[in-house]
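By written order: A, B, C and D. Residues from 1 in each chain.
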Amino acid sequence: MSSVTARFKRGGVHPYEGKELSAASELVTVEVPKRLQVPVTQHLGKPSKVVVEKGQDVQVGQILAEADGPISAPVHSPVSGKVLKIGDAEIVGAYRAPVIDIMNDGKFTGEEAFKGTPVVNWDEKGDFLGRIRSAGVVGLGGAAFPTAVKLRPPPNVKIDHLLINGCECEPYLTADDILMRERAAEVVAGCAIMAGILGVDRVRIGVEVNKPRAIEALSTAISQQVYTATFKGAIPSFDIVTVPLRTMYPQGAEKQLIEAITGRQVPSGQLPFSVGCVVQNVGTALAVFDAVARKRPLFERVVTLTGGAITNPGNYLARIGTPVSALVAAAGGTTEALAAQVAGGPMMGKSLRNHDVPVVKGMSGLLFLTAAEAAAAEETDCIRCGRCVNACPMGLAPCEITAQADFLKWEKSISLGALDCVECGSCQYVCPANRFLVARVRLTKFYSRRLPK
Amino acid sequence: MSDKAPESSVKAVVVVVIIAAICAAGLAFVKQITEEPIAEARRQETLAALQRVVPAGCEIKLEGKLVRPEGADEGAAETKLIFPGYDADGQLCGIAVRSRNDKGYSGKILVVSGYSDLESRETLKLNRIYVTEHAETPGLGSLITNLQDEEPATWGTDRSKVYGLNFLDRLVATLSWKVAKSAAAGENDVAAVTAATISSRAVAGAVQVAASLVSEDLDGLKAAFASTARSE
Amino acid sequence: MSENRMILQSSPHARDRESVRKVMYTVTLALLPAVIAGTVFFGLRALLVMALSVVACLIFEGIAMKVSGKPVKETLLDGSAVITGLLVAMNLPSGLPLWMVVVGALVAIVLGKHVYGGLGNNPFNPALVARVFLLISFPTAMTAWPVPYGTDGVTAATPLGVLQMEGAAVALQSIPYYNLLIGNVGGCLGETSAIALLLGGIILLVRKVISWEIPVTFIATVLVFTTITWLVAPDKHINPLWHVLSGGVMLGAWFMATDMVTSPVSRKGMLLFGVGCGFFTCIIRLWAGYPEGVSFAILIMNGLVPLIDRYLAPTRFGARQATQGAKA
Amino acid sequence: MSNISELTKGLWKENPVLRLLLGMCPALAVTTAVEYAVGMGLSATFVLLSSNVVVASLRNIIPAKTRLPCFIVIIATFVTIVDLVLNGFAHDIHKSLGIFIPLIVVNCVILGRAEAFASKRPVFDSFLDGLGMGLGFTLALVALASVREILGNGTWLGMSLTGGEFTPVLLFVLPPGAFISLGFLLAGMNVIEKRRQANG
């Protein structure tokens, strides 16, 4: 059966899925804490500009920081209350960044405005992109790239596919899964909105076959046209299909997803536009729907808390700016076995030092791993076994690239394709010598920006 | 030197020429005083090798040398140099032949082989051989020369260790020239040196060429050498 | 939970359960059939050679690591020295003087491996370096092949030796195929039994320690090459099956050429590597001075691996589309 | 004082083979036996000494533009003299060194010293330098040859050391053995030198 299921052609690994830990439980809403820290910049691109002052009163959904330039996104207040201070604090990635401290007054003033009956009026189609932009929607799969930018291809490019990424190929994470299951109609409606903006009718939602309930929910929503319930005006026609994909990491990587569904390969150094595709995450689709149909800014998201060292693994709906400690408390706390904690999935997530960092738009999961799960090990010399070469979905030879990096030969390392690396971690996952391959590639990328062109 | 004013090209050339001239003169002088000893050393060397392969009491005359084919270039592969040996009475008692084979492991191999009992083809005896030049692998192919500088009395009997034993006091007419591994080699075959079959074959080939030359042209050689002896 | 005790690392945070040690011990396991076959045919002396070689390799490995300042305890038992030791022994005649075995182990570990920086950095297969070193240094001892089930000191030529010395007809007549297959012929103590080595190769394939490219192309190239020479001159050259079953092809193709450290990393590179090994093996066997060419062939190809890896890198993602676009 | 250092620097600190890595071709080719190493070393020393002295005494005459041709002519002359003399009066050594002696002409040690030292320094210093470098060259060759002869042939200077009990490791008298032995000698030198520097 899996042999007939589509997948990307080259490389890939199949780690322990771990989805069962958190997939079964219901979505839990985390109690909003007294104090939130909202990072000023939560997207890839130009940092946002703070527009509130210390001591100012804010409402739910009020802009705290506005987009600065075309590739940027605004940040909204998740609660109503008072701006305590604007300063630096530690965020995910163990570095300090500007955050806006807000004291929650518990009244949620202004939230009512977003709770009305959602309406998608297709006669206002020209306004959709602006609503998405001002709602601060960014890619929720983890990369956090401003969604509006991805929905506006260069004028000379013909787009014929909108691909929706419901793979959630990262092990353990089920945040997208629960959205697809519980809010399938809204997700599909969000897809339709994006397709309308792009002017394409072919929408493909790729979901790995290890999420049968999600596939079923989406298919039902599509076939019964549930999503059109909120539509008004001149509704364009859509060809929306759910595509089951083989469970294989990194199925959800942008270029791999495009290859799996359309058979097209995005050339090195180019964007999906170049092969007529736009890729958006399912969570993003939902946020787009909220932004267009409810005019509701992005100020909360679903975070998977899971791993062998958390008492109640599951999916938690949390406001942006909620400290991780509040989520941990909601999940019943961590156990003694905790050895490593990661923001994101096990393959691409970032280590956490403590529980003080706030939830951000791009945070898809929090892993609390036991020593056995984290599987940290001393690295030894490369034995040139070639496993990394076989695992690399980008057709690179990680062992060779990193060997050059070890000798600080950045140009050599780049000529071997270091900049094509998507940092999926497949190579390091399979490495019997436990080499820190991804870190070395990142180092190469870092130096590549300093090399004379 | 470098901090002097740049010299003219003419001066530079003149100095080189002068230095070269002085060097040439010096060399000419050295050449003159060493010419004689060098020639003598070479002669002695050749003589010693040739003398080894003919029976004791048989004295090789380098001057009596024949070149076959006649008039050939002495260095060429197919050229054989044939030397007569005379006993105290001036009778021809032995013939030494230098022959060459290029099929060694590292190419060229020069061998001298000595013959006695020159009465007829049937009595013609291969007395002994001596490899004068080779570039075979030390310790492997080079074993073809094992003990060749020692007296045959010390050689023992293992033909696969002392290659010369194969060609010591053999009737030319009975030798088969087939080179085989020592275990498989018959009495009249050549037993190859262990792990050096190619080198062994090359030597045997050179000796075979020499032996057949002597055997086939025995009367002609005897006549030629008799006349040489008379002319002295 | 104090944050000091947290594991902080760069992604990924998951690993599969494969480790260098596991890989190495799988290879050791795969060598077991050949070890048993060697012991059956060449007796306890063969077992002694193997044990000595392994122990000597471990000792030299320990010393070399100590000298070069590496952690001895953690990596000594990663299995690589055990494998090198076993493979060195497999490449020796069972009657070899024991001190030469120790020299072989010394050469393999020090000259073949640690002068380059230890496991993973050596360009040449250490066991083959040792074999060639011994073969060149002690030609007589290294070509004295004890007879299977034989008593001490009785030696015979290897099948390929017979072929080179006596010609194809004698070789075909005196050595039946089933003896080549089960290993009841003269030769290095680990290379005679084609069937035991094949079994080991299958273990390696199934456990995914090696991939099919190198052994299959190696053996296929020998088959094709010798088929051609056999068809051209059947009286002079022996048939391809005989070539594949005799000498070191099986040991070389399954265990020596597939050594990860000294073979290419990309699939295309592996294919070329296997073809090259087979090609040079045939060239040496048919036209060079040594009856057997597997070790030299693999060492030659080892030397070419950096070039192969450079020019036969895996096809990068997007390359296909880019060339198509250029054409269109 | 400085004179002594001109003499001794060639032995260790600036040993032409083991520190400067010059004259590799003869060092690898003739070191199969100590006897040859001594012959080669002394021949090279003679040429080095003579050419150094001559070059130094002519250093104010030789024009800068044509200095290399002059050096080559001088060196070649001495090499030819060595060749002829050995051939005439030490024929056995000449037989084994024969093909290597012409190579002395292109031995970098000799041209190197002529260019780098003798053409700039007084005659006596150049004499000492040539002597020291030559002896250093000889010493290095002998060291290398000792390793190779003992291991590869079981003898030293032709004398059997082991009474035939030891099967020599043939590889060491073959070309690969030369590279391997030289590699380990160089490594040894580096280790000692590093320790010396660390202590001093």
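Just so we're on the same page, contacts are C-beta pairs under 8 Å (C-beta built on N, C-alpha and C of every residue); 3 or more make two chains touch, one makes a residue touch a chain.
No experiment lies behind these values; they were computed from the predicted model shown.
Peer 1: Once you find the CA centre of subunit C and the CA centre of subunit D, what distance in Å lies between them?
Peer 2: One centre to the other, that is 41 Å.
Peer 1: Measuring from the mean C-alpha position of subunit B to the mean C-alpha position of subunit D, what distance in angstrom results?
Peer 2: Inter-chain centre distance comes to 33 Å.
Peer 1: Taking the mean of the C-alpha atoms as each chain's centre, how many Å separate subunit B from subunit C?
Peer 2: Here subunit B and subunit C have centroids separated by 45 Å.
Peer 1: How many Å are there between the centre of subunit A and the centre of subunit C, using C-alpha atoms for each centre?
Peer 2: 48
Peer 1: Multi-chain contacts in subunit B: which residues touch at least two other chains?
Peer 2: In subunit B, the residues touching two or more other chains are 139-140.
Peer 1: Could you list which residues of subunit D touch at least two other chains?
Peer 2: Counting only residues that touch two or more other chains, subunit D contributes 168, 170, 174.
Peer 1: Indicate which of the five shapes (line, ring, star, complete, other) describes how the chains touch one another.
Peer 2: It is other, because the touches fit no line, ring, star or complete pattern.
Peer 1: Among the chains present, which pairs are found to touch?
Peer 2: A-C, B-C, B-D, C-D
Peer 1: Spell out the residues on subunit C that touch subunit A in their complex, using ranges where they run on.
Peer 2: It is residues 1, 3, 5-16, 18-20, 22-23, 74-75, 78, 80, 117-121, 211, 260-267, 270, 309, 313-322, 325 of subunit C that touch subunit A.
Peer 1: So in the complex, which bits of subunit B are touching subunit C?
Peer 2: Contact set of subunit B toward subunit C: 105, 139-140, 180-181, 184, 194-195, 197-198.
Peer 1: Mind listing the subunit B positions that touch subunit D in their complex?
Peer 2: These residues of subunit B touch subunit D: 1-2, 4, 6-7, 9, 11-13, 15-16, 19-20, 23, 26-27, 30-31, 33-38, 41-42, 44-45, 137-140.
Peer 1: Under the definition above, what is the set of subunit D residues touching subunit C in their complex?
Peer 2: 167-172, 174, 176, 180, 183
Peer 1: Report the residues of subunit A in contact with subunit C in the complex, numbered from low to high.
Peer 2: Listed in rising order, the residues are 10, 13, 15-16, 94, 171, 255, 259, 264-268, 270, 275, 334, 336, 338-342, 344, 346-354, 367, 369, 371, 373-378, 380-390, 392-397, 399-400, 416-417, 420, 423, 425, 428-434, 436, 438-439, 442.
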